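Next up: the structures, one after another.
Presented sequentially are two complexes of subunit A, the first with subunit B as partner and the second with subunit C.
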Partner chain A sequence: MTNDLTEFATDTEVLFLIGTNTSECHPIIAMQMLRGIERGAKMIVIDPKETDMAKKADIYIQTPVGYNIPFLNALINHIIKEDLFDKEFVEKYSHGLEYVKYAVADFTPQRVEKETGIPASKVIEVAEMYAKAGTAAICYTMGMTQFIDGTSNIFSLSNLAILTGNLGKKGAGVNPLRGQNNVQGACDMGALPNVTAAGLVTDEGVREHIKSIWGKEISSKPGFALTKVPHEIEEGKIKFLYVFGENPVMSDPWTEHFIEAVEHLDTMVVQDIFLTETAQKADVVLPAASWGEKDGTFINTSRRVAYVSKAVEPATGIVPDWKVICNIAQRIGLQGFDYYKAEEIWDEVRKVNPRFFGGLSYARIIKENGISWPCPDETHIGTPVLYEDKKSMLPDGKFKLVPVIYADDKNDRTKLEKELINHLNIPNDYPVGSGALSEKVNEEYPCLFTTGRKVYHYHTGTMTRECKPLEMGADIMGPAIEVSEDIALARKLENDCYAIVENKRGKIAAKVKINPDLRHGTIFTTFHYAEADGNELSNAEDTDPLSGMNPLKMTIAAIRKISEEEFIQVRESTDMHMHPSEQYRTVRR
Partner chain B sequence: MDKFQTTCPYCGTGCNIDLLVKNNKIVKAEPTKGHHVNDGELCLKGLYGWEYVHSPRRLTKPLIRKKDGVFSKKGELVEVSFDEAYDFVASKMKKTVDEYGSDSIMGFSSARCTNEDNYAFQKLFRMQGTNNIDHCARL
Partner chain C sequence: MNLPKRVNKFVIADPNVCIGCATCMAACYESSHARGKLAVPRLIVTRSKSGTMPNQCRQCDDAPCANVCPVGALEFSNDNIELHEEICIGCKMCTLACPFGAIRSEAEIMPSVNYTMEPKYNLGIESQIGAKSIAVKCDLCSGREEGPSCVEVCPTGALLFVDSQNINYTLMSQKAEAAVESFVHVALKNI
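Take a look at the complex of A and B:
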C-alpha cells in the first residue's frame, strides 16, 4: 500500500473499493473504513458480488467477473473529457497523458451501459465522486489481480490515482489489501524469481552488493515463476521442489494437473506444521515450529514491520523454519548460515537493504509497535505515506500513465499493443497494457465461476480448520456452492440441495446456497475446503503476460442438481484432506 | 499467566494480539489495547484462530517415503530422525544441482512465515546459483 490503513478512518474523503470483499477478508480494515464513513467519508464499491461493504456504499456497481478495463477506461475517459483531472500534478510529476487519452478514447460510459446494462449515468457518478474528492483511496485485492490482465488492471488504477493527484498525501493512494500476513515481507526479502532483498537480479550493482555480504556471486538469470512450475516439471527442467509453509495442491489452480506434475519430480520436500494435502504428496516431510513458537517479524499491508513473539515452546526437536533451512544449508556445505537467532538474520537484511530497513532494529520495532519502511536510519520515523515528495521510485522520479487497450479476443493482445506503440511512437522501454477475457461462457459452460474467502476461514484451512470455535462453531455449515438467483431458477436448485459444478479441468460437489447478492450468471465458492475446493476448476493454462499470474478469479463452468448418493460418490472419489473428522462431515451432509 | 504481544498470522492487516499463556499452552487471545493498527479490536480469526498451535495433528517427526526400509517414490511416508531427514534433503539437493545444474532446483517460499524464514530460504537457493524461488503471494 502507498498509504497507512488507519488513514481510511482519519483522512480519506472517498473510498474506492474494487475487487475486494473487505468486511469478509479484512474485517479490521473494514472497521477502519467504517470509522471513516462515520466521520463523513463516501464509499464507492465495484464488485460482481453485492458485499456487505457494497450495501453500505454510496454507489455500488455490479460488474461482470473480469469486466474491469472497459469500466476503468470509461472512468478515465470521463475524467479527461470533463477536465476533472489534476493538471498541475499530471504536468509536473507524470508522463504519458497523451497515450492514455488515446487509449481510452473509445471507452465511453455509454459503451459500458451497452455491454453490461450498468447505467452510463452511474459510471459518470463514480468518475465524478472519485475525481472531485480532496483525497480518495483506491483499495483492491485479488479481485483485481488474479486475471490474465491483472497487471493492466493495476495500471488502470494507478492511472486514476496519478490523473487525480491522489498520491503522496494522507488518505489517498493505491492500496492493495494484502491477503496474507507476510506477503509484503516475503517480497521484500527477495522470495521472488527476479528480485532479491536489494533489487533486481538483472542489475549488476545489486549482485555486487549481495556478493559483498554473502561472499558469493548470484545468478543474473531470473528464475521460474510459481505458476510456470507444473509445466517446467513436465518438461523435465525442474527435478527438485522444496515447498515450505504453503499448500499448493489446494491453492494452485487446476488441482489435478498440479498433482500429476509433481509426481514427475525426482524429489519433493515439504516443510510444514501439518501433513497438508501437499505434504501427503511429498517424498520428505520436515516439521517446523509454528506461529506462537518462534520469534521474527512480519510486514503488513501498510509496509509496517512488526514483531512476532514466541509465546510457547514447540515439541522436542522442532525448530523454526529458518533453523531447518540453515541445518540443510550447512549439511550441503554452504557458508553464511550459522545464525544463532532470528535477530541476526534480520540484521543481515538491514545490511542488504539499508534504504528500507537500516533504521529498524528489533529493539526499535518492539518499542514503537511497528514502523513502516522506508526507514533508513535510527532517527528516521518511518514512511506511512509513500511519495510525499511527489517523486516516484523510477529513475527519472516521474510517475508513468500507462495506456491500456482492450482486445475482444485474447490472442490479439500483442498485435493491438504493437499497433498502439507504432501509432503513437511510444518508446521501447515505456510500459503498455491490455485487457482481455481468459475464457468466455458458452453453451457447454454457461456460468461464470469465481472464488473467494469466508470470514471464518483462511485460505486452504490448514490452520483455521484445526480451531474448533471456527470449524465446528461459526462455520458449522461448511462448504457451499453459491449461485445467483437466475441460475437457481433455471436449474430448479433450492437452498441445501446438492449440486455439482464442473468444467474441463475438474469438478466439485457441495450443498447449494442461493445468493441474491451475486450478479446474474455467476457461481461462487471458496478454496478453504479440500472436500470441495474451487481451485479444482481454476484456469492454470492462461497467464498474465507481465506477471505470470493465472486467472484464479475467473473461469467458466456448468452446474446441475445431484442426488445425495451421487454427492457422496463424488466426495469419496476426491477425498484427500488432512482434517479427518467424520463428525462434522456427517453434520454437513 | 504470561502475556506475549504478537502480530496476527492471518491476513495482511497486521493486528496485534496479546496471547495469554499458562503451562506452555495458549489459553486466550486478546486484542492489544490502543495499538495503531487494530485499536483494541480483533476479528473472529484473531480471537479464536490460535487453537491449531496445540492440535494433536501437528507434525512432530520428519517423514521420508520408503519401501522396505529404503527411499522409494512408491513407498509410504515413515517417521525418521531429524538427522536422517536433514542429511537426506541436503544430499538430494546437492546431487540434483551436480547432475542437472543449479536451475533444476526450485523453492516455494511462504508469505505465511516470517521475514527471517523467507530470507534464509531464498539465500539457500541463490547461494546454489539459481533464482528459482517464488512464493504464494500470487494465490
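Take a look at the complex of A and C:
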C-alpha cells in the first residue's frame, strides 16, 4: 500500500473499492473504512458480487467478472474529456499523458453501457466522485490481479491515481490490501523469482552489493514463476520441490494437473504445522513452529514492520522455519547460516536493504510499536505515506502513465501493443499494458466461474479448519456452490440441493446456495475445502505476460443438479486424490 | 398493588456497524462448549439482500416458543426465556412458532462420523445417525460471569446487550427525546 490503512478512518474522502470483498477478507481494514464512512467519507464499490461493503456503498456497480480495463478506461476517458484531472500534478510529476489519452479514446461510458448494461450515467457518476474528491483511496485485491491482464489492471488504477493527483497525500493512494499478515514482508525479502531483498537480480549493482555482504556471486537469471512450476516439473527441469507454509495442492489452479505433476518429482519436502493435502503427498514432512511459537517481525499491508514475540514455547524438538532451513543448509555445508536468533537475520536484512530498513532496529520497532519502511536511518521516523515528495521510485523520479488497450481476442494482445507502440512512437523501455478475457463462455460451459473466500476460513483452511470454533461455530454452511438467481432458475436448482460444477479441468460437487448478490450467469465458490475446492476448475494454462499470474478468479464452467448418490460418489473420488493415504482420509476433516 | 415487573434481557446487533465477520458465532460455539451446552452457535450471521447482521433470540416477554413447548423445556425465567436442553424432545414446535427464526433444532456432530462424506448439516433435522437433536437458542451465556461472549468479542461493537434498565431509560427515552425535539422544532415553526 502507498498509504497506511488507518488513514481510511481519518483522512480518506472517497474510498474506491474494486475487486475486493473487504469485510469478508480484511475485516480489520473494513472496520477502518466504516469508521471513515461514519466520519462522512463516500464509498464506491465495483465488483461482480454485491458484497457487504457494496450494500453499504454510495455507488455500487456490478461488473462482469474480468471486465476491468474497459471500465477503468471509461473512467479515465471521462476524467480527461471533462478536464477533471490534476493538471499540475500530471505536468510536473508524470509523463505519458498523450499515450493514455490515445489509449482510452474509444472507451466511452456509453460503450460500457452497450457492452454490459451498466448505465453510462453511473460510470460518469463514479468518475466524477473519484476525480473531484480531495483525497481518494483506491483499494483492490485479487479481484484485480488474478487475471491474465492483472498487471494491466493495476496500470489502469495507477493511471487513475496519477491523473487525479491522488498520490503522496494522507488518505489517498493505490492500496493493494494484502491477504496475509506478512505477504508484504515475503516480497520485500525477495521471495519472488526475479528479486532479492535489495532489488532486481538482473541489476548488476544489486548483485555487487549482495556479494559484498554474502561474499558469494548470485545468479543474474530470474527463476521460474510459481505458476510455471507444474509445467517445469513435467519437463524434467525441476526435480526437487521444497514447500513451506503453503498448500499448493489446493491453492494452485487445476488441482488434477498439479497432483499429476508432483508425482514426477524425485523428492518433495513439505514443512508445515499441519499435515496439509500437499504434505500428505510429500516424501519428507518437516514440522515447524507456528506463528505464536516464534519471535520475529512481520511486515503488514501498510509496509509497517512490527515485532512479534512468542506467546508459548513450541513442543520439544520443534523449531521455527528459519532454523529448519538453517539446519538443512548447514548439513549441506553452506556457509553463513549460523544465526542464533531471528534478530541476527533481521540485522542482515537491514544491511542488504539499508534504503528501506536501515533505521529499523529491533529496539526501535518494539519501542514505537511498528514503523513503516522506507526508514533509512535511526533518526528517520518511517514513511506511512509514500511519495510525499511527489517523486516516484523510478530512476528519473517521475510517475509513468501507462497506456492500456483492450483486445477482443487474447491472442491479439501483443499485436495490438506493437501497433500502439509504432503508432505513438513509444520508446522501447516504456511499459504498455493490454487486457483480454482468458476464456469466454460458450455453449458447453455457459457460466462464468469465480473463486473467493469466506470470512471464517483462511485460504486452504490449514489452520482455520483445525479450529473448532471456526469450523463448527462460525462456518455452519460448509462447502457450497453459490449460483446467481438466473442460473438456478434455468436449471431448477434450489437451496441445499446437490450440484456438480465441471469444466475441462475438473469437477466439484457441493450443496447449492442461491446468492442474489451475484451478477447473472456467475457461479462462485471458495478454495477453503478439500472436499470441494474451486481451484480444481481454475485456469492454469493462461498467464499474465508480465507477472505470470494465472486467472484464478475467472474461468468458465457448466453446472447441473445431481442426486445424493452421485454427490457422495464425486466426494469420495475427490477425497481419494486429495488424501491418498487411507489413514488420513478420516483423520483430517 | 405492586406486581413484580418482568422485562427480559436480550442481545441485538446494529446492522450499520456489523461487518459480518462471524467472530460472534465462533465465540458462541466456544462459550456453549465451555459451559457444557450443545456446542453449536446460537446466533447466525445472516446475509440478506439489504444487509448483514447476526440474528438471535429476542427473549420475547410473552414468548411464542415457550407458550407452544409441549414439555416445558422452554421456561419463562427471571429475565430471559430459559431452555432446558435435557427436557427438550426435539419436536421443533418452537421453530415454527418463533417469529424471528431464532430457534432451531440441532445436534452436536460426532467425532466418529466423516462429515465430508455425510451430508453434513442436515443432521439437525433428520438425526439419521442417531445424535439426538434438540432446540438451540441464545441463552445469554447464562453461567458466564462476563455476560454474553458475542458482545465481548465483537470487533466493531455492533452487538449490544440490552437489559431492562437501559431498554427503557437509554434506548427508548433517548429516541423519544429526539423525536419530541424534532417535532417541537417543526411545530414551533409551522403550527
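The rule we apply is simple: the second predicted complex is superposed on the first by the 575 of 589 C-alpha atoms of A that agree within 3 Å, B and C clash if a C-alpha of one lies under 4 Å from a C-alpha of the other, contacts with A are read in each partner's own complex, and residues count from 1 in each chain.
Simple rule for what comes next: contacts are C-beta pairs under 8 Å (C-beta built on N, C-alpha and C of every residue); 3 or more make two chains touch, one makes a residue touch a chain.
No experiment lies behind these values; they were computed from the predicted model shown.
J.: Pick one for A:55: touches subunit B only (first), subunit C only (second), both, or neither.
T.: A:55: touches subunit C, not subunit B.
J.: Is A:469 touching anything from subunit B or subunit C once the two structures are fitted on A? First, second, both or neither.
T.: In the superposition, A:469 touches subunit B and subunit C alike.
J.: Just to be sure I read the superposition right, which of the two partners does A:556 touch: subunit B = first, subunit C = second, or both, or neither?
T.: Neither: A:556 stays clear of subunit B and subunit C.
J.: Check whether A:571 is in contact with subunit B, with subunit C, with both or with neither, and answer first, second, both or neither.
T.: In the superposition, A:571 touches subunit C alone.
J.: Which of the two partners, first being subunit B and second being subunit C, lies in contact with A:516: first, second, both, or neither?
T.: second
J.: Is A:456 contacted by the first partner subunit B, the second partner subunit C, both or neither?
T.: In the superposed model, A:456 contacts both subunit B and subunit C.
J.: In the superposed arrangement, does A:28 touch subunit B (first), subunit C (second), both or neither?
T.: So A:28 meets both subunit B and subunit C here.
J.: For the overlaid complexes, name the partner, subunit B or subunit C, with more touching residues on subunit A.
T.: B
J.: Does subunit B (first) or subunit C (second) touch A:537, or do both, or does neither?
T.: Neither subunit B nor subunit C is touched by A:537.
J.: Give me the intersection of subunit A's contacts with subunit B and its contacts with subunit C, in residue numbers.
T.: In the superposed arrangement, which is not itself an observed complex, subunit A uses residues 27-28, 31, 455-456, 467-470, 473-474 for both subunit B and subunit C.
J.: Where on subunit C is subunit A touching in the complex?
T.: Touching subunit A from subunit C are residues 16-17, 19-23, 25-30, 33, 39-41, 44-45, 47, 49-52, 109, 114-117, 119-122, 155-156.
J.: Mind listing the subunit B positions that touch subunit A in their complex?
T.: Checking each residue of subunit B against subunit A gives 2, 4-16, 19, 21, 24-26, 35-38, 41-46, 48-53, 55, 57-65, 71, 73, 77, 82, 85-94, 96, 100, 102-139.
J.: Spell out the part of subunit A that touches subunit C in their complex, as residue ranges.
T.: Within the complex, subunit A touches subunit C at residues 23-24, 27-28, 30-31, 34, 52, 55-56, 455-456, 467-470, 472-478, 496, 511, 516-517, 530-531, 564, 567-568, 571-572, 575, 585-586, 589.
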